[in-house]
Amino acid sequence: MIGGRSDLPLSDDSTGAYLPWLVAPMVFLSAVALAGVFILNTLIGSWDRDVAGTLTVEIAAAPGEAAESAERTRGRVEQAIGILENTPGIARARALSQEQLVTLLAPWLGSSDLLKELPLPALLDVTLEGNGGVNLVELAAKLAKSVPGASLDDHRVWLNRLIYLSRAIEWLAIAVVVLIGAVTSATVYFATGTAMAVHREVIEVLHLIGAADGYIAGQFASRAVFLGFKGGLIGLCLTLPVIFGIAVGTDRLEGGFLSDLSLPLGGWIAVLTLPLIAALLAGLTARAAVYRTLAKML
Amino acid sequence: MIGGRSDLPLSDDSTGAYLPWLVAPMVFLSAVALAGVFILNTLIGSWDRDVAGTLTVEIAAAPGEAAESAERTRGRVEQAIGILENTPGIARARALSQEQLVTLLAPWLGSSDLLKELPLPALLDVTLEGNGGVNLVELAAKLAKSVPGASLDDHRVWLNRLIYLSRAIEWLAIAVVVLIGAVTSATVYFATGTAMAVHREVIEVLHLIGAADGYIAGQFASRAVFLGFKGGLIGLCLTLPVIFGIAVGTDRLEGGFLSDLSLPLGGWIAVLTLPLIAALLAGLTARAAVYRTLAKML
Amino acid sequence: MARQHAAERANVVQFDGVAVRYGRGPEILQDLQFALPAGSFHFLTGPSGAGKSSLLRLIYLAQRPSRGRILLFGRDTSVARRYELPALRRRVGVVFQDFRLLDHLSTLDNVALPLRIAGASEQDVRKFVPDLLNWVGLADHIDAHPPTLSGGQKQRVAIARAVIGRPDLLLADEPTGNVDDSIAMRLMYLFDELNKLGTTVVVATHNENLVSRMDYPRLVLERGRIMRG
Amino acid sequence: MARQHAAERANVVQFDGVAVRYGRGPEILQDLQFALPAGSFHFLTGPSGAGKSSLLRLIYLAQRPSRGRILLFGRDTSVARRYELPALRRRVGVVFQDFRLLDHLSTLDNVALPLRIAGASEQDVRKFVPDLLNWVGLADHIDAHPPTLSGGQKQRVAIARAVIGRPDLLLADEPTGNVDDSIAMRLMYLFDELNKLGTTVVVATHNENLVSRMDYPRLVLERGRIMRG
């Protein structure tokens, strides 16, 4: 499609010259948004793995004398296990034994024999199913409401909350990508269409001289492919520093927490494909616009 | 600027017709990005208030016999207070007394007299300065490293972490707004410039007939203002459902946690100003482009 | 062409009850019924606005008649498929009244256009185009672009473009409006030469001087009809 | 005008050693030294490409000379400020060789353009424009747009636009190339009338017929210089 002799005055006119400069920023925006989605997705994936596996639920000791307290605490534990095991995505919930509890509390309260005589809180070890699809935020709210003194591992709940927020942002970013893609297409479409309007007379003369429709359309299409690709490349060149900038910048900001903010291979491929898409789109639009112009002629 | 007799063939030509359709999606993108920044900023503001005020640091009881443990724990407390009081943004750090501790632990371990004999963990009550500018994530890391067994209130650290992430996203969104603004300007600039290239002959004829530069530029500028404003309004109409959609959608998703996801007044003003900015920009560009075209003529 | 029917072959152009109207206006041309035999040379005259350009537009397939049938090289253009038309058009050379040169191409490239569209080699272009430009007096302006040419120079480029492909049919619409009589005669001589080589020629003109100096039949358009002059 | 110097006032156009070259090409016009007295009528002739249009372009301020000085209505155009030029241009009516009509305006609006730019009322437009269009034979095409007009009709619109403002100076570049001799004479009569009312007229033309039929002096351009005919 590129190359070949051009009989058309499309090489240095002001109409063609601006097409790359419309395409470039659009490809830039698309690429940045696309890269953002990929980075975010990777990040969420790594968090997801942290959330998968097991989880701890703590149930405070019920108030009252030791025996009474222990009785009531046991009732709450049963209740919590019931709720947990009825939650989709949770494989199993099991209360820790007294010994296990003491072992766990030792670093906090010292390994005193006195511990054994205290009305201890209960800890439940919850095993999640492989896919990690539990909404811990909802679960925490439900537990807190139904079982007095029950609380879900704070760290996990927060991570889950973060994941949900990030997912929302991810969807927004995908929407932005789609949107910008649509706008880019519209821009290329209208810009190319305008070029055709400007060159209507040229098209007509070629038509009357006996050029076949395909010949005329091909000339304009190859020109548009070239200009669209040029714009796409410019846009891409603007994108690369931004992608690296995001990685480096956020990395420094969050120190380790967001450390894997680099673009995965799939993301690179997607971003690098954009100029080709822009070029193809420009070419097809030009072709269609010329055919549409020609269709009005005998 | 709008209205007045138009002597120019700018009313129904294909060149002018496409300007609004280039401006509309750009204004749409700008408005969505702008609204996003405002919403995010409000959200972060409300989280910020949650983080302000006081904060708890927990220091696990050191291992060993009761007396020895208490001694070592006290040493760690001193150390932690030293670190805390040297952190900018922290007004004061104070260890809770034994009585306060027991009162606090009672709900968890029952209010047994045995508690008093345990090697209890220490709790520090930390008062933050008004502006809430402490990086809790960093502080937590520093404490954990320097003082064995010290940990910062998990909830708060997570909230802080979220705030930092959101701030990063906010800056990104601001960058996107600036970027899209620049792209919009470029689009309007080039689109209007092209219209001038197309109308070069018209401009030249008017010039040679004796029309003053201001007259010619004014005709094109008022036309461009109209088209730009039309495009801006279309873009705005597309924006409103999206803004409401974001508010409703994220609201449902996170149930309460993100409940104040509505656009603040300032945001509404900024978003509603966009069509005016687009119109102004189109007008000024057209004016400048015509003057530039005319400047090449005698 | 070789195996075509003799009667069809004889007439390069044939109009059967052709009429033209624009939009819902009156009929500009009415019931046109005439034929142009192969190898003929006609002048087309008539007052301004009589429909000379419209008639030529019908022949070079820029416009459909609102009524009637037009045969071009024996092919009924009203039933011809769209993809057949370019080949027909390539056999017709046209000098447009408003030149229609491509501003961004040099004189040489403008004139070479029909050759290139027909797939001629660059060698042929280099061989024929400068010669022809020399003949029409534009040897000094081979690399000039139309906007830098004078009115008469543009007209001569338009004529060169129309004849470069040695078309079977040459339509010239007011080809001498911007040149003086000596150049006009020189251009007519060019058409005459082409005609002698077999090209059918129609020249629409207001130049009475020219018409009277050359001994060719005349089609007079008046009130939408043709009166043989 | 009223308080201008008498000698300046006498000459509407004055060329002092004017030369024109395009880019780094040769000088198209050389050492032009002449004056057009107020109220005069000249034909400008010369072969195609001699520089007639270029000379007129200098006068209507579309182009600067590469050398020399041009006085228009007594004002030295080489020292005039940019903002003074529109007022000078409004006193000059021009018929461009390639018409330069605005395709998106109707015939009426095209012709009304100079009036509107000069700030005339719609009432005046409605009063003068249809009359003039009637005179040039375009009464039926008042609402037509240029692309739907024939070549001669466009030319007449261009002429109407040039004369509608009763300019002090009328420059017509090949104004009769697309009309027959009877319309041409009618248009010349229009110019003649304007001239009698005080307008200075210059008509560049190839139409020998026309020049010889009217008894006006002739400026002949040849090899870049003016030879009074």
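Order as written gives the chain letters A, B, C and D; numbering starts at 1 within each chain.
The definition used in the following text is that a contact is a pair of C-beta atoms (placed from the backbone, for glycine too) under 8 Å apart; a residue touches a chain by one contact, two chains touch by 3 or more.
Worth saying up front: this structure is predicted, and the values here are computed from it rather than measured.
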Hopping only between chains that touch, the fewest steps from subunit B to subunit C number 2
Computed over C-alpha atoms, the centroid farthest from that of subunit C is that of chain B
Taking each chain's centre as the mean of its CA atoms, subunit C sits from subunit D at a distance in Å of 31
Rounded to the nearest Å, the gap between Cα centres of subunit A and subunit C is 63
Taking each chain's centre as the mean of its CA atoms, subunit A sits from subunit B at a distance in Å of 18
Distance in whole angstrom between the CA centres of subunit A and subunit D is 68
Among line, ring, star, complete and other, the chain touch graph is ring
Here the pairs of chains that touch are A-B, A-C, B-D, C-D
In the complex, subunit C touches subunit A at residues 60-64, 82-83, 85-92, 94, 100, 102-105, 109, 113-114, 116-118, 161
So, in the complex, the side of subunit A touching subunit B is made of residues 13-15, 18, 21-22, 25-26, 28-29, 32, 36, 60-64, 66, 69, 106-112, 114-115, 117-121, 137-138, 141, 149, 154-155, 158-159, 161-162, 164-165, 168-169, 172, 176, 179-180, 182-183, 186-187, 190, 193-194, 197-198, 246, 249-250, 253-255, 257-258
In their shared complex, subunit C is touched by residues of subunit A numbered 5, 7-13, 201-202, 204-213, 215, 297-298
The answer for subunit C against subunit D in the complex is residues 22, 47-49, 51-53, 97-98, 137, 148, 150-153, 156, 173-174, 177-181, 183, 206, 208-209
